[in-house]
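Input: a single structure, listed below in structure tokens.
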Amino acid sequence: MSKKPLLEVKNLKQYFPITGGIFGRTVNHVKAVDDVSFEVYEGETVSIVGESGCGKSTTGRAILRLDNPTSGEINFEGEDLLALSKSKMRKKRKDLQIIFQDPYASLNPRQTVSQILEEALEIQNVVPAKERRQKIVELLETVGIGAHQIDRHPHEFSGGQRQRVGIARALSVDPKLIICDEAVSALDVSIQAQVLNLLKELQRDFKLTYLFISHDLGVVRHISDRIIVMYLGKIVEIADKKSLFENPQHPYTRALLSAIPSTNILEEKKERIILQGDVPSPIDPPTGCRFHTRCPFATERCQIEEPKLQKLSSETHQVACHLIEEGPVDYSKMVANY
Amino acid sequence: MLIYIIRRLFQTIPVMLGVTLAVFLMMHLIPGDAAKIMAGENADEAQIEQMRENLGLNDPLYEQYFRYVGNAIQGDLGNSIRTNRSVTEEIFTERFWITVQLAFIGTGLAVIIGLIAGIISATRKYSIADVSLMIFALFGLSMPNFWLGIMLIYFFAVDLKMLPVAGWGTWEHMILPAITLGTGGAAIIARMTRSSMLEVVNQDFIRTAYAKGVSDKLVIYKHALRNALIPVVTVVGLQFGGLLGGAVITETVFAINGLGRLIIDSIRAHDFPMVQGTILVCAVLFVIVNFIVDILYRLINKRIDLN
Amino acid sequence: EEGAEGNEGTDSGSEEAAVEGGNLVFVISQDAPTLDPHGMNDTATTNATSQIFDRLTDYAEDGSVVPMLATEFNAIDDTTWEFKLREGVKFHDGTDFTAEAVKMTLERILDPEFASPRAVVLNMITEVVVVDDYTVHIKTKFPFAPLPAHLAHNAGSIIAPSAIEEENSGGKKVNDNPIGSGPFKFVSWSPGAEIKFERNEDFWGEKAKVETMSFVTVPEQATRNAMLETGEAHVIQVGSSDVTYMEGIDTVELTSVRGTRMDYLGFNMNVKPFDNLKVRQAISMAINKDDIVNGILDGQGVPAVGPLAPTVVGNYQGLTPLAYDVDAAKALLAEAGFADGFKTTLMVNDGNKERADMAELIQAQLAPLGIDVSIEIIEWGAFLEKTGAGEHELFILGWTTVTADADYGLYALFHSSQHGSPGNRSFYTNTRVDELLDLARQEADQAKRDEAYKEVSEILVEEAPMVYLQHPDFIYGSNGVASGLFVNFSGTPFFKDVQLAK
Amino acid sequence: MTEKILEVKDLRTSFFTDEGEVKAVDGVDFSIEKGKTVGIVGESGSGKSITSLSILRLLQEPVGKVVGGEILFKGENLLDKSKKDMMKIRGNNISMVFQEPMTSLNPTLTCGEQIAESVRIHQKLNRKDAWAKAVEMLRLVGIPSPEKRAKQYPFELSGGMRQRVMIAIALACNPELLIADEPTTALDVTIQAQILDLMKKLQEELGTSLMLITHDLGVVAEMCDKVAVMYCGKIVEYADVKTIFTNPKHPYTIGLLNSVPKHDRDYEGDLSVIEGSVPSPFNLPKGCRFAPRCPHARAICQSELPNLETLEDGDQVRCWIHTEKWEKEEVGAHE
Amino acid sequence: MSQPQLQTNAVAPVKPYNAKAARTKAFYKKLAKNKAALAGGFIVVLFTLLAIFAPVIAPHDPIHIEITKKLEGPSAEHWLGTDDKGRDILSRLLYGARISLTVGVLSTVLGAFVGIVLGIVAGYYGGRIDSFIMRITDVLLAFPGILLALAIVSVLGASTVNVIIAVAFFAVPTFARIVRGSTLSVKKLEYIDAIRAMGSSDFRIIFKHILPNIVSPIIVQATLYIASAIITASALSFLGMGTQPPDPEWGTMLSQGRSYVAQAPHITLFPGIVILIVVIGFNLFGDGLRDALDPKTKN
């Protein structure tokens, strides 16, 4: 893993206005992503996990400038994407691609597979018009779709195959970074495994960097190098895979990990941490630490002061929690709470 | 809710301004000269000029407009060119209530018939009743209503002598106009109810109701209908606008002295203040009804956030 | 009075049993815009106000002028007329009718500030002098023979001074407070819908038979017909095309009156090719007036030979109109240099089915001459404006000689001082015609006047500034009326004597 | 052997569509013992939901129809019941929780009303008592301040709370059997944990039997006593939970278990996968439905459908490998 | 690179086939199954043909006046009788199809065009433009439709062209709203984001990706709107503000003949029936199209 960050996200904020009033005045904001910073290095896979609505997709979309972030910087290869002009950004898009969750909605139902890919090639003009057909066949073969299916429409494919077409489209412009937003969540396990393997293989072959967004920790553990845990628009923990799964630090991460039902039926069942209540609304997030409303360890300080991401002993592990500062946490208390 | 109502009221202001501006401009683009019309066929130039001056038609357009809006806010819509009486007074006589009555009876008829037909159709999909009701609805939708009105007169009043030909007052007078006016709306509501019902019936919560052991009837009337009504209610609001427009024709055919006829007469006579006034009142009426519908809609459909 | 025909067919089925009192329903197509007899110049106003107000003089069935509120009238010099007034007449509010009422009424209509659209009927009057309570002198600008006829017109309705005073002092306008001395009193009015009247129990003459009366407005012809058919309406004005059908209905009686109206196809003589006499004559000859009368009026009218209807005092029916002859017309047109015809526009006002029908028929009849007519139906105000300003080619219009006197029927239409909106929309100029019209206007001797009008008519036929099409009849249908409906030559119905059937 | 509350025998359900008959459920056999939990897993479209809907006879006739088999509830065949009888059973003896908490509640009725309705119908309680019961049920499923919540509409509740309301509705009449069709799929893991926990607790308290449909093997492992694995409208393996996870017999079960990425275990390299994808319901293979994707398939697999055979350890498997015929088969028909 | 380890769907039908054709075929199949839609389509096509070939089929000159033969009932010479000026009603109806269908279609196309542009702009760009456009449609909607049309015709004068403009005018808000709604929902689909992430211009997104995907509701709405446009046009004629004589527009014929309902019912009856049939035709066809284009409906 080289130490050069390919992507650097700094203090990214994405507030969506809630409009109201007579003239569509903004009355409030959904603080979907609130001051998030992280890096992605070339060739690695970084995952973002967290509960629904915590701002995973929003982060991904902001990086691609699919929405216009409220503030922050997104440095890609040293260049701030948010500062680029519209037309420059359009050219830049060649280097950053996205694969979406819904294999049904992410392909235009009116286009054939070859039209979809050809359009992608045409927009970025990566290969001359004459060679496009050849390139399309190659691309499809790469993702495991036969040349005879080139003129079919998306609805004639299974979900897994559609996802492959989506991957082929992303690959068509030779991107450096691919954001996979729940790229396998909608697929059946047996198909999901196929696609995950394909993604891994492509990464090896094309030296791709992935920002992998998912809520499935099993998948994340399988594919990632490093993992970012988000809660309500904030990063609560960043760590490499091993230390995150084996030594989670943030109470939320721990709860998350323990909440997943295990198939390991022979093992003694671990005590589970069951969080109380629901995720609060991102419109008026709790003060201080956003997790304090559900955290069994919350202190007064947690309610007032917002914890910052701090490096732990291991360089690659960062946590945003006041408890950590006060030494190791006794997580048995959490269990007892349940 | 109250805040919502107030805010929703405020939202109607730009619409109202737009409406006044649109009407005002339109009326002033009309060829012809109000002064000349008033003066009559055999009048001379000097008389016409005199009349023009009296009517303030020589002022710049924007001045006329601002004067108009300013006065309108105080309930003064100017004086009719034709009768020289206050437009507000002229509108808010009996005729206003007649049209409101007519439109509401028409709407009521449309809603009642439409809903019943729609529910019958939806609950007995593809039955003879369904097919014939939908054919009727299609006819209702496809019939020019002045034609329907005249046909009704000749059939029920002239041939069968069951009902009076024209006029307004007793309930007998109201039947034919209400049918004429309500038919189109009934057809639309029937079709809408049917498709809305069929859509709702396929939704998950209906399955939930069945899984609870709720009887068919209760599922239809308690669970499905309530939800199916949601899109229908909005249509009713819009229908009301259509009905106000339809009143122009119905009132003409049945010689009912309502706003619709006032509008037509005024347009013909280039009675600007009167046309402006009546159309404005119709638009206000429409906006108010839709405002009420909106509130109703929110009462039925609690899903919509009141903020 | 040459050629003047009497009215006919005014008797209703008298064998029906009549009842006293009752409510008479007269269904009209358009409500009166005002109940002020000075307020508007249109038929609907005339119809309504004629029931409420009396005039100094009146037209008899034959069109002659007879006394009404005046008992006698004489010209005492060239420009002064003396009127002796009826005594014991009371207005509806109980005030007495005196010479003061005449003075106030006439001064009101002549007041330039009041700008009555009807001032034109009486604007030759310069002064009204009250001699005593029951004598007035009316002075005119110039010797004006037809003054009694003009005063018989609805514009000459005598309004109670009390009503005028109230209006002047800022109270109710005459429009809302029409007080006359006529057979019916005004009760209430919902504009656009219904006017209610009741019998004037103190009427100076024979009292009205019905107790109450309402004028109900029904804009849709089919609806009016249906109402007459079911008896919901007692009286309606019947469209000429419905006459045949109505005749077939047992309960419906028809009353038909020859009118003083003349419908015409006008040329704008200021524009080519209508400045060319031959073109005008050719067009006159290509139009089959019988087709128009029979086809559009269903025979309910007479083809016009000249500008004046047979019912107008001073008309001359011995004229030889340009004969209907398509071949001759073609030849004339070729002589004029239009062998292949030309394109032109025919303007008609909207809202008048019969005129639109005429336009279509004329369009079809001119087609064989190679004249390609496109019809432009425009709104009444715009129509008057354009034809008044000379922005037109062909147009169809009508002129009702409301006073039944030739002066009213010719002066405005053909005098060169009347170009444009005053009435001469053909922009016709002929010094001899001007001379004759001026002369006849000031001549007291009817025979001399007739002579002048005869010559004018002959010139007008020859010069063809317009095609005189027809004089339509006024047809009223009644159902449930026993007797007594009277319609005058300008189509105004009078309900004083109407008795309802049992 | 304990009492069987539900016994499904050779259930067949078809949809008659424009394109032809879809045999959504094609001969399914399983049973649920009193107080126990049976899990049904399988790929999307394998017929899990249709099986459950068939049991309650909630299919949309005439498009979908049970065409064969028996559904014995406490020994009585539900397919023979009249509509009225079924109405009495639904929500009372058997209730159901659906997958989508967002759409499965009537948006125009308050939560309390929706719970009370069920009680009113089956227990003939009056309005007031039914409401009290509804509030009690909300409290039971762990909704804070239930009196207030009962008066709220579904849109005012979060997904997890709605699912609790669904469960409250289902359990309001103390049913003997609860069918839960993917009750937690739409929920976040932390909420899922809450719900699963709740269901387990309530099941223990009330002694309800549970039929749990899911595609999450983790959930199955945590919740179930027995597991039926479905593939293309058929049960391919039916065994108790331990056997399924420790000693799966059917190649599909094995493939399925291996292709799930585990969050609690590290491994290197690629996941093992099941090649290919589920056949189209209109174009089902003649023999074993799994044969086209099966790494072991032989000629007989392509041509003949195996039966669900009970092995010595009680595991039921639908696969030729576990039959005597297998040894006699030629190898290499596949590829 | 290494061959991906799995083969694609082994069981999916692999026979070579043209996908677009298949989809179109499925659409037609669905449409063909809907008898009402077929009947509607038949009516529409029939009247279109009649309109096109009117000069060939019509037995008489539609504007030739033979005043002596007016108000004749149906006969061998005049199959549907003559009107109040002795013109052949059949011929007038045939020629009238040209005007009425043109009014219906043209006003719909015109209104739809403006509506689509406004709707797409509002839906795609959102924000202030959206609010502004929607306020305009609010204003237009606040006028009862026929009044708006009346006002426009009285401004512009009564003629066929102006009727088209007027009827088109009040189609605008309807289409703008539908298009805006559809645009909003299509805009949310991931493939729009995907193509945006590719670096596509707004222009391409709107015309290549959004527009084609919202044509179905537009076409359905348009078909239904043609029906109401024909009716509105005839209502304007009734009020004397429609197509002017001698042009044989159906509504004009109907309203001109209405004074003869009692004495010569055929002259209103036939235009009335023709309007009814054609409007029903468009309605049925539109409904059928909607069903055929809607993936949710099966039967």
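By letter and in written order, the chains are A, B, C, D and E; residue numbering begins at 1 in each of them.
Simple rule for what comes next: a contact is a pair of C-beta atoms (placed from the backbone, for glycine too) under 8 Å apart; a residue touches a chain by one contact, two chains touch by 3 or more.
None of these values were measured; they are calculated from a predicted model.
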item: Fewest hops from chain C to chain D - one hop per pair of touching chains; value: 2
item: From chain A, the most remote chain by mean C-alpha position; value: C
item: Comparison of A-E and A-D (more C-beta pairs in contact); value: A-D
item: Between chain C and chain B, distance of the C-alpha-averaged centres to the nearest whole Å; value: 40
item: Approximate Å spacing (C-alpha centroids) for the pair chain B, chain D; value: 53
item: Between chain E and chain C, distance of the C-alpha-averaged centres to the nearest whole Å; value: 48
item: Numbers and ranges of chain E residues touching at least 2 other chains; value: 5-9, 12, 154, 157, 258, 261-262
item: Shared-contact residues (touching 2 or more other chains) in chain C; value: 220, 222, 226, 229, 350-351, 378-379
item: Overlap residues in chain B, where contacts from two or more other chains coincide; value: 14, 30-31, 150, 154, 158, 252, 264
item: Residues of chain E defined as touching chain B within the complex; value: 135-136, 138-139, 141-147, 150-152, 154-155, 157, 227, 231, 234-235, 238-239, 251, 254-255, 258, 261-262, 268, 272, 275-276, 279-280, 283-284
item: Chain D to chain A touching residues, read off their complex; value: 43-44, 158, 160-161, 188-194, 196-197, 215-223, 241-242, 245-246, 255-257, 259-267, 270-275, 277-278
item: Chain B to chain D touching residues, read off their complex; value: 202-205, 207-215, 222-223, 226-227, 230, 300-303, 305
item: In the complex, chain C residues that touch chain E; value: 220-222, 225-226, 229, 239, 241-242, 244-245, 291, 294-296, 350-351, 353, 356-357, 359-361, 363-364, 375, 377-379
item: Complex interface listing, chain B residues touching chain E; value: 14-15, 18-19, 22-23, 26-27, 29-31, 138-139, 141-147, 150-151, 154, 158, 238, 241-246, 248-249, 252, 263-264, 267, 275, 279, 282-283, 286-287
